[in-house]
Amino acid sequence: MSNANEKFQFVKIDEFASEHISAPHYSYWKSVFKQFFKSKLAIAMLIMAAVIFSISMIQPLFSNYNPMASPDISDFSIRFNRPNLTFWFGTDHWGNSLFDAVWSGARTSITIALLATSINMGLGIAVGAIWGYNKILDKYLLEIYNVVANVPFLLVAIMLMYVLGPGFWQLIFVLCMTEWLSIAYFIRTQVMIIRDREYNLVSRTLGTSSVRMISRNILPFLTSVIVTLLSREIPSIISSESFLSFLGVGLPPQITSLGKLISIYITYYGTYPYLFWIPVAVLASISVSFYIVGQTFADASDPKTHR
Amino acid sequence: MERKVILSARDVVVKFRVRDRVLTAIRKVSLDLYEGETLAIVGESGSGKTVLTKTFTGMLESNGFIAEGKIFFEDQDLVQIKNNKTWEKIRGSKIATVFQDPMSSLNPIRTIGTQITEVIIKHQKKNSKEAREIAIDLMDKVGIPNAADRFNEYPFQYSGGMRQRIVIAIALACRPKILICDEPTTALDVTIQAQILELIKNLQKEFGFTTIYITHDLGVVANVAQRVAVMYAGQIVEYGTSHEIFYSPKHPYTWALLSSLPQLGIKGEKLYSIPGTPPSLFYEVKGDAFAQRNPYAMNIDFEEEPPFFMITESHFAKTWLQDPRAPKVELPSAIRDLHATIVKIYGKEGV
Amino acid sequence: MTSKEVLLSLKDVTITFPKGKGVFTAVKDASFDIYKGETFALVGESGSGKTTIGRAIVRINPVAKGSIEFEGKLISEKLGMEETKWVTKSIQMIFQDPATSLNERATVDYIISEGLYNFHMYKDEADRKAKVLKSLTEVGLLDEHITRYPHEFSGGQRQRIGIARAMAMEPRLIVADEPISALDVSIRAQVLNLMKTLQETKGLTYLFIAHDLSVVRFISDRIAVIHLGRIVELADTEELFKNPLHPYTKSLLSAIPMPDPILESKKVPLFYDGSEHDYSTDLPSFVEISKDHFVWANTKELESYKKILKI
């Protein structure tokens, strides 16, 4: 009976007990990486991208490949060697090692892609953020965008390359010339969606400056969108570069790139197919691996996928 | 008085799969609905009031399922219904639902008229001319002025209150036996709310349907309900007639809900406020789910789940306070003489 | 109310928004004073312009006509840097929906510090932290919450974070825009109590915007009723509940849902659509009919109101 009495005695409740949050601390980036590494495909692609990137940055330092020099041009025995243990990717019509050529070309292509992407993204995000945020600016920029967006990119790019003449920086200029504006436009639309959410109104009542508003209230919400853009931008620049090089406008003869290799070796598409297919495979591997890594990362950086 | 039970739920358990965890939203709920009555289900969000009624129309979200229990309606166990075809014979035609947001129940690009007639044609097998007449008559009954003129207008041309009237008209188009009103006035202004409540009551008199009214607002409950079920953390914790629940409630959660109403607040004094938050239903609840927030919690509340204690024929409370071994507790002073208190604050007629 | 010092004063404030080619007048000639230390309630239904007025006071909505003065200074026009800073710090807002009014990608620490950062209202990092913790404690939250993100909190907790954010600025006037209508019934009382306590300890003045008179009776000293952009009645809370004059006020009062089945069964809701007024020749104005009781009426209506008040 005493037991029963005890059971029916009042208990003092701790009013603060329920204020505690028992769940472990949430960290945005930790959750992003956790989510990313759940995908086996993404891990494989990340490794592939890392390997391709490292080889193409390091190998050319040792090979000293120079498309202008063909030291073994008189040695017919090393022309058109199929891939073998000495020449892993075989040799071409001048007896140059395709292995050296491909990595030298990959280095150029990746460098151009990374440089142009950084410029495009940097400029695009900065302009897009201000563009989406400022209603007056929007009117004018929209007009400019409408004009630029309706000009066919390749046509202008080819024309400009003729005018500017071939060159590494000329090519980067052409690849960045209009592309950043379409990124800016995309960002602008995203910013406009977020701009009118209520917490931004709150920030205004707290006297928050526009710069802080963009950097703390808006851009953090665009992480996923920006990564998605990035993952599309790198492969797209690589293919634009290749296409321009393929057409013979773009890089000067002394600099090789994957696009140029493909345009040279397409002649041997029927007779020595490895000359064509190996650079194409490397080009595709770069694009695909960067793209899948980027897409998975973009998905992972959307907090809706976190738990 | 022996009344006919129209719908009867027995030990219903509803679970949801959320990512790789399981949430038990309804924990063994039993409920009888009598023909012609208005039953109000009150509770805060997450208490399971909407989930419970969704099981009556087979409208649980796809990650939810009835794990246990039976729901009887017209000699049929609704839990056993697996295909949508069978559900369509019940949902809408025998048990209809009016939701909180009228816009979500209306198609914005079709006229009000077609949206009502389509239901009539489908369920009552009328031709379009007859359906039109019935529809205009219905629009008239739910209080749409110049119904014939407004027949061909679109939802955006209607105000929020008018839209909700249309939703009610559509719900009544097939003469359902049960009308579930899921917070139909929460999104509306107070004066419109009063009108819609009046309307539902009048229509009930005319059409004779049974109403389940889901709300978190005890003021609304007092207006519409003959019987009240109070839900907390996936269970019904007290049910009784409206007078029993308001004037002699027995469960400390009902006390807390009533005492914390701003309508009862006395200027210069603090309102009673319920500390804390409801328990997470991802975990099994031990004892009484309200114990952590209950100023009258006893040791046993943390150990054993209380059974239902019968207070009167119609009044039941799931609290250990009703156990003969428990200390006697009086109603909190704020709600002891509810009617007298309110008359004192607002004057004789209320307001 | 001990003193009757005017803190905020609106005179003939009209607020318009562009709508299509023309303008839409959201608020028409609103005039009222808010005294220091009181809770002034602005009650109306959706589209009445109550939130628009609140936002004009915190300088989000521009004023088309009329003036808003705070502590005797005109704040409804373009202000200099220093004055803007002063107004922003002095008048803070509490928002309706805690689900949308917090930056989801920021920690509680940043959310509460946001205003402090903007005006550098702290000596050093330790001082800032101390201020954040003080605000958190004041609203009943714990120190450990400082590193958490909004989505980890319940609705009531989130609303208290919003209150703490406003309090960190040490304002004198708080515009509370329906601060409890988006909250669950069981936590409304908690937030109302908190607001009352903060008012007492800090000597705050509230403009409490609501759509429901029942909440307002408990918390406010004076009430203004607004309908379609026009303030139709203004009186002390007691007076307004005892002697409501304007038919719209009466209809709002009759619509309060009472937790009392006996009363509710006798209830006759009053409907108001404005058709009872005849303003064709006899034009209405905002008149002080008895001491501190204002009503929007024409001379004929005033006569009948006076009969009701027996004056």
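As written, the chains take the letters A, B and C, and residue 1 is the first residue of each chain.
FYI, contacts are C-beta pairs under 8 Å (C-beta built on N, C-alpha and C of every residue); 3 or more make two chains touch, one makes a residue touch a chain.
Owing to the predicted nature of the structure, the values given are computational and were not obtained by experimental measurement.
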{"item": "Chains in simultaneous contact with chain A and chain B", "value": "C"}
{"item": "Pair of chains ranked first by number of touching C-beta pairs", "value": "B-C"}
{"item": "For chain A paired with chain B, centre-to-centre distance based on mean C-alpha positions, whole Å", "value": "53"}
{"item": "For chain B paired with chain C, centre-to-centre distance based on mean C-alpha positions, whole Å", "value": "31"}
{"item": "Separation of mean Cα positions, chain C and chain A [Å, integer]", "value": "49"}
{"item": "Numbers and ranges of chain A residues touching at least 2 other chains", "value": "19"}
{"item": "Junction residues of chain B - those touching two or more other chains", "value": "275, 277"}
{"item": "Sequence positions of chain C contacting 2 or more other chains", "value": "157"}
{"item": "Chain A residues within the chain C interface of the complex", "value": "16, 19-21, 23, 25-26, 28, 197-199, 201-209, 212, 216-217, 220-221, 303"}
{"item": "Chain C residues within the chain B interface of the complex", "value": "45-46, 154, 156-157, 180, 184-190, 192-193, 196, 211-215, 217-219, 237, 241-242, 244, 251-264, 266-267, 269, 271-272"}
{"item": "Interfacial residue positions of chain B with respect to chain A in the complex", "value": "19, 275-277, 291-303, 320, 323, 325-327"}
{"item": "For the chain C and chain A complex, residues of the former touching the latter", "value": "58, 60, 84-85, 88-89, 92-93, 95, 97, 100-106, 110, 114-115, 117-119, 140-142, 144-145, 147-149, 151-153, 157, 162, 165, 169"}
{"item": "Contact set on chain A toward chain B in their complex", "value": "4-11, 13, 15, 17-19, 307"}
